[in-house]
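First the structure, then my questions, so here it is.
First chain written, first letter: the chains are A, B, C, D and E, and each begins at residue 1.
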Amino acid sequence: MKLVNKTNIGWLILAIATFLILQLAVSTGLISAYYEITLVTILINVILAVGLNLIIGFSGQFSLGHAGFMAIGAYTAGIISKYFPHYGGLFLGIIGGIILTSIVALIVGVPTLRLKGDYLAIATLGVAEIIRITIVNMQNVTNGAAGLSGIPYLAKWPLVYVFAVLTVLIVVNYTRSSPGRATIAIREDEIAAESMGINTTKYKTIAFVLGAATAAVGGALHASYFSVIRPGDFTFNKSIDILIIVVFGGIGSVTGSIIAAIVLGILNVFLQPFGSLRMIIYALALIVIMIFKPSGLLGNKEFTISGLLHLFGRKSTIKEEGKK
Amino acid sequence: MSLLEVKKLTKYFGGLSAVSNVNLELKSNELVGLIGPNGAGKTTLFNLLTGVYQPSEGTIDIENDGKKESVVGKKTYTITDMGFGRTFQNIRLFKDLTVLDNVLIAMHSKSKVGTLKSILRLPSYYASEEKMKQEAIELLKIFSLENKISELAKNLPYGEQRRLEIVRALATKPKVLFLDEPAAGMNPQETADLTALIRQIQKDFKMTILLIEHDMSLVMNVCERIYVLEYGRMIAHGTPEEIKANDQVIKAYLGGE
Amino acid sequence: MDTFIQQMINGLSLGSIYALIALGYTMVYGIIKLINFAHGDIYMVGAFVGYTMINSFGMGFFPALVTAMALSALLGVLIERIAYKPLRNATRIAVLITAIGVSYLLQNGMLYFYGAGVRAFPQVLENKLYSVGGIKVSQIQLMIFGTTFILMILLQFIVQKTKMGKAMRAVSTDASAAQLMGINVDNTISFTFFLGSSLAGAAGVLVGLYYNTIDPMMGVAPGLKAFVAAVLGGIGIIPGAMIGGLTIGIIETMVSAYGNSMIRDAVVYGILILILIIRPAGILGKHVKEKV
Amino acid sequence: GAGGSTADGDTIKLGAMFEKTGPVSAYGSAESNGVKLAVKEINEAGGVLGKQLEIVEYDTKSDNTEATSIATRLATEDGVVAIVGPATSGAVQAATQPITRAEVPLITPSGTADNLTVTESGEVQPFVFRTSFQDSFQGVALANFATEHLQSEKAVIIGDSSSDYAVGLTDAFKNTYEGEIVAEEYFTQDDTDFSAILTKIQNQDFDVIYLPAYYEQAGLILKQAREMGIEQPILGGDGFSNQALLDLAGIENVTDVYYSAHFSLENEDEQVQTFIDNYTAEYDTAPDAFSALAYDAVYLVAQALEDGGEATPEAVTAALESITDFDGVTGTFSIDENHNPIKSTLIIEVQEGKEASTQEIQP
Amino acid sequence: MLEVKDLSVHYGVIEAIRNVSFEVNEGEIVSLIGANGAGKSTILKAISGLHQPSNGEIVYEGTAITKETPKKIVEKGISQVPEGRHIFSGMTVMENLEMGAFLRKDKAEVQNDLNNIFARFPILKERMKQDAATLSGGEQQMVAMGRALMSRPRLLLLDEPSMGLAPILIKEIFHIIEEINQTGTTVLLIEQNAKMALKIANRGYVLETGNVVQTGTGKELLESDVIQKAYLGG
C-alpha cells in the first residue's frame, strides 16, 4: 500500500546516488586506496554504531560489550572464509556470525537485561571480556593471541556499503514500527511501559540481539576487509570507540550515528600527521565537543530532507530579520 | 459474579503493613471511589492489583469470559493484557515522545504486530499501522487532545498531561481502569471538566473504574460506591452519602467543618 | 593449608589496592552519578607526582605522599570545573564521554611529556617482610590494607555524619532542592572531587611504591577494575567499594592459584555477572523497587 | 602508483609507523627514537645517494586497523621508498596487504612472529623484511640453552597470554625443550601483581623458570619471585633487553637471569658504543633492543638504497633481498631467502644486575 | 518586605513571565493564583535564585537580591517548599528535616523546632527512620513543609502545599500556614485551591499567561465574578 511512499523513495535515491558518486570517485582515483580504507572504516563504524544505538539509544540499555559481539562475527567469518575462500564462504561466515552472536546475545541478554544502568554496563563489559578470553584460549580454532591472518579479502567497499545501507534500513524500520515504539517506551519509563502491556524483557532482548547481530556483521566485514584479526582488536577500548560515535552523533539518532562516524573518520585523517600529539588533540576535541554539544550532533532528532529544507528556510528568515 | 474480587489482600514493607486484609469487589460498569488519609495504602493497593508489587498475602481474581483468573504472581504486562489499565499518581508519561506515540505505545500489545513484519515492512504492516493511528486519534478526540498529537508529552500543560495519561490507559483496552488522583494539581474549573469526562468515558466505554482522589467534589459526584482505607485497613464502604456521614471517616479523613 | 592462607593474603593485598582506588571512585560516583573514567588517570598522575617529588626534589616519602594528594586533589577539582561543570544538565552518558576524553588527555599528555616507558618508583621505604610460620606479609602490604580500611571508615564517616557529607548526599539526589537548603552545589561537588582525587593520588603513590613501577597507562586497568569493584559492591556505597575490591582481588588470586591462570579474567567476570544476577544492585546495594 | 616518484625530489622519503600511543607505546616509541637517531646520523654524514633522508612518521595508536590505514597512506600517498615499523607482529600483518599492493618494502624491527615474512602456506611475503630474529629461532635457542647450559630437567613457564610474542616464544620452547614442563602460568599485559602464580609454583619442583615476557612485567616478576624466595634460574627472551628491567626488579634481584639478546650494552664494539653514546646523548636514556633494531633497520634501508643505486621502492626491495654481511649494532647479518636476518643470538647471563657472561648461539 | 518589579523570566526562548510586579508586606499572607502554566512556580524560582530572571528586580527588605546565589537568599531568611516536593531520596525523614536547618548553628533550638514539627505531623515521627522516597505522596508533602520550616524562615514561599493531601490535612495545612504566619513568618502562597488560599490570604494576585491581571484583598478576589468563573469552578 504505502511501500512506495515519498520518504522511502527519497532515501532510496539518496542511497543509490551516494553509491554512484562514491563509485565514480573511486574509479577516477579521486578516492585513492588510502581514502578507500577511510571510507570502509567509516562504513563499518556506521554498522557498529547504528547497532549500538539501537541498544543504548532506543531501548535505553547501557551496553559496554559491543566489541565482544563484533569479535564473534569477525572470527566466525574469518575462520569460515579461510576454509572457503570465495564469496559463498564469506556469506556463510556472515550468516554464521549473525547466528552465533544472536545465540550468545540471547543467552546473556535474558538474565542480565534485568539489571539497571551501570550494573548492566558492567555485566555486558564482562561478557565481552569473557568472549575475548575464550577466543584467546581456543588456540586450535582461533590461533589464540596471535590471531588470524590471511583472511581472504572479499568484502570490497561496495559490499560493505550495501551492508551498511541494509543495517541502517533494518534498524530504522524497526525503530519506526510498533515493536520499535514499544522498545523506545522502555527507555522512557520502564514501569509505565510495563503498565501499558509491554513485555519489557522481550523487547529489550530483541533490541539487544538485533544490535549484537549487526555488530557481528560489522566484525565479519572488518575481518574480510582487513584480512587480519586478533583478540586485541576487540577490547573494551573498541566498545568505547563505538560508544563515542553513538553519543557524539546523538543518542537515539540513527542519522546522527552515521554523521558522527563520517565526521570522526575524517577527523582521524586530519589528525594522523600529528603523531603522538594527535591523541591529545582528539581528547581535547572530545571534551570541547561534548561541552558545547552535550546532546550530540543531532540530539535525539533525525536528519531529514524536509528538516534540511526547513533549516535553510529558517536561516533565511533570520537573515531577513537581521536586515531590518 | 463480580468482575474483580480482592480477598484478604496484605502487603508488608519490612515491618510496616501498608495494606492489610483488604477485601474489595468491583462489578461490571461500576464507578467506585477509593479514599483515605495520606499513606493509607491506596496507591499500594493499585500497585498490588497491577502487579507492580507482589502481595504478601491474599488473592486477586478477575473474571474473564465467565472464568475466574488469578492475577497474583503475574507480570504487570500480562495483567494489563488481562484487562487492567491504570494511571499514575506522579505522572509517568513517555515525556520525550509525542502525544500520538504515547497512545500508540499503549495500543501495541493488543495490536499484535510482529517484529519481523515491521522490519520487512510488508504491506500488511502499513495497514495495521494506519488502523492503529486512526484509533488513537479517535481516542484523543474524546479528550480534546487531537490538536496536540505531535507535541512532546512534556510540553503539555499539567492538566493535559493528566488527560493524556487517561487516554493512554484507555488505549490498552482495559476492562477495569484504575485512576490514581487524576485531579491532583488541577484547579476547580479543570476538576469540574474532568468530572464530566470521567462520567462520559464510563458510559461510552462501558467500563469499570476505580478512582483514588482527595478532591471530594470529584469523588462524591461521580462514584456510586466508595471504599475508605486507613492504615492499610478498609474502615468503611458505602454510598457517598453513607461515607459522608460516617463518623470514623470524618474523623480520619474528611475532617469536621 | 599454608599455601591457602598465603594465597588469601595475596588476594587481600591485591584486593585492597583495587579497594583503595575504588573508594574515591565510588564516592564521586555516588554523589554526582558520574562514572569518572579519569579517576584511574588521576591515580596515575598522583604516582608521577610522588615519583617526581622524591626523585627530583629529594622529598621523603610522607611529604611526597601529601604533595601528590594535594596536587591530585587540585587536578580533580580543576577537571570538574572545566570539563564536567558545563555539563550539569546534560545526560549522564554525555558526561561519561567527557570523562573518557579527560582520561585520554591525561594519559596522552603524560605520555607526551614523560614518554611511554615504565619507570621504577624510588624505593624510599624499607620494605620489611614479616614471616609467621611460612606465611609472609610485607610492611607495604599491611600499610596499604590499613590505609584502605582507615580511609573507608573515614569516608563513610564524612559522607554519613558530617554536614558536608550530608550536603553531598543532598546534592546527589536533588541539586535544586539542595540549593533551597542553602547548600552551594558547586562547592559541594568540588569538595567531592577534591576528596576523591586526593584519595586517588594517595593510591598512586602507595601502589607505585608497592609494585615499583609507574607509567602513563598504569591507571587504565586498575581504573576499570575499580569501576567494576565499585559496581560490584553497590554503586555509591563506600563499604561496598571495599568489599567489591577485596572480592575481586580474592577471586582473581584464587582462580590463578587453584584454577587456570589463562582464563582468570573470564572467571572473574563470570562470577561478577552471577553475583549481579543474584544481587542486581551489588553486594551491599539494596534493590529498592522504585516507589510508583 | 605514486610510490616511486621521490627519486626526483631533493630528499628521499622514508616512512615510519610506530605504536607511539596506546598499550604498546613503550616499544613503538623506543623504535621511533632509534629511527630518528639513525636518520639524523645518516643525514649529518651526507645522506644517501647524495640526498637527505626525510622521515614521514605516523602513530598507529597500537591499533591494527589504524596500521592498515597508515601503511596505505605511507605507501600510496606519501611516496616513501621504504617503511620502517611497526613494532608488533599484529600491526605488521595489518600493514602487509597494503604495502604489498603498493609494492613498497617494509622492515619491521621487532615483529617476531614466524609467519610475517613467510605465509602459513610457505610463500614469502615479497615486501616484508625484518631485522630481529623470529620467535621460533629464539624459542629453540632458549630451550636448548636450558637443557645444555643450565642442565635443567623441569621447567615452569610463566607467559604473557595477551601478547603473541610471548605465545610464539612459548610454543617454540615447548616444542623443543627436552625436559618436563611442570607448570604453565599466564598473566596479561596489565598485571602488576604476580603473587598468586608465584606462590602457586613455589611449592613445585622445578629447576628453571622460562619467562617469555617484555621487561615491564618480567622486571616485576623477577622482583616478586626473588623476594618470595624463588631462587631457580630465570630464562627469558629479547623482551628483557631494557635497562628498566634492572630498575624494576632491583639490582639484587636480577641474579641467575639469562636472556637472549640482539646486543649488549657491555659490548666493546666501537660501533655499538658509539650508538649507545649517541642515543644516550639524544634521549637521556640508554637504548634498548627495540631502539637498536629500529636503528639498524634504517641503516639497512640506507645500504639498500646505496646498493640499488636508485631511490625507488623497487630498487630498495631488490637490494634488500640480496644484502649480505650488513654490519649493524645488533650484529652482522645477511638477509636470507625468507627475508629474515641470519644472525646469531647472544645469551646474556646476569648476576647481581651485572652481565656475567655472554654466549653466542648460531642459528 | 518583598518587592518584585517588572520581573521577566525566560526558559531558553520561551518567555514564562513578563513584567510581573507585586509586593508582600511584613506579616502578610499573599496568595498568587492562576491557571496551570501561568508562571507561578517560575516566580518562586526566581525569588529563590534558582533561575536567573532576564529582566526586572527583586528587592527584599530594601536590598536587591536579584543576582544573589540561592545560598545567600536562604541566609537572608527566605525558604521555599517547592512544587513536587523535591524531598531527598535515599535520606531518612529525619535527615531530610535536618537538611532544612543546614545553615543553622543553634543546635538546641534546632532540636526544639524538630520536636515542634513532629508535634504538627505525628505521622512523620512514626516514619522518622524511613527512606523518604518510599513515603506516600501526602507524607512527602509534610516532609517538604517541615523541612522548609526548619530553617526558621522570615519569608516562606509555598508552591501548592495542599496538592495531593487528604481533605482533613488540607484544612490542617492551611491552619498551620495561618499559625506560622501569626508567629511572625510572612507567607507567599501559591495554590490551585484558590478558595481556601484566598480565604486565609490578606491579599492576592491573579496571574494569567505571565501577567498580573487582577489584584485585591483575599476577600475582594473571592467575591469577584471573573475569579469565581475561572478559578473557583463557578
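Note that a residue touches a chain if its C-beta (ideal position, glycine included) is under 8 Å from a C-beta of that chain, and two chains touch if they have at least 3 such contacts.
For clarity, every value in this text was computed on a predicted model and none was experimentally measured.
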{"item": "Set of chains adjacent to subunit C and to subunit D", "value": "A"}
{"item": "Centroid-based (C-alpha) most distant chain relative to subunit A", "value": "E"}
{"item": "Geometric centre distance via CA averages, subunit B-subunit A, whole Å", "value": "41"}
{"item": "Separation of subunit B from subunit D, taking each centre as the mean of its C-alpha atoms, in whole Å", "value": "72"}
{"item": "Separation of mean Cα positions, subunit D and subunit A [Å, integer]", "value": "36"}
{"item": "Averaged-CA centre spacing for the pair subunit C and subunit B, given as whole angstrom", "value": "47"}
{"item": "In subunit E, residues with contacts to at least two other chains", "value": "134-135"}
{"item": "Per-residue overlap in subunit B, given as positions that touch at least 2 other chains", "value": "43, 52, 88-90, 92"}
{"item": "Residues within subunit A bordering two or more other chains", "value": "136, 191, 276, 279"}
{"item": "Pairs of chains in contact (touch as defined earlier), listed by label", "value": "A-B, A-C, A-D, B-C, B-E, C-D, C-E"}
{"item": "List of subunit E residues in touch with subunit B within their complex", "value": "35-37, 123, 134-139, 141-142, 160, 163-172, 192-195, 229-234"}
{"item": "Contacting residues of subunit A [partner subunit B, same complex]", "value": "1-3, 170, 173-174, 177-182, 184-185, 188-189, 191-200, 206, 300"}
{"item": "Parts of subunit E lying in touch with subunit C, wherever the complex brings them together", "value": "48-50, 69-71, 74-75, 79-80, 82, 86-91, 95, 98-100, 102-103, 131, 133-135, 147-148, 151"}
{"item": "Complex contact set, residues of subunit B against subunit A", "value": "50, 52, 75-77, 80-81, 86, 88, 92-97, 101, 104-111, 113-115, 118-121, 123, 125-130, 132, 168, 171-172"}
{"item": "Sites on subunit B touched by subunit C in the complex", "value": "43, 47, 52-53, 88-90, 92"}
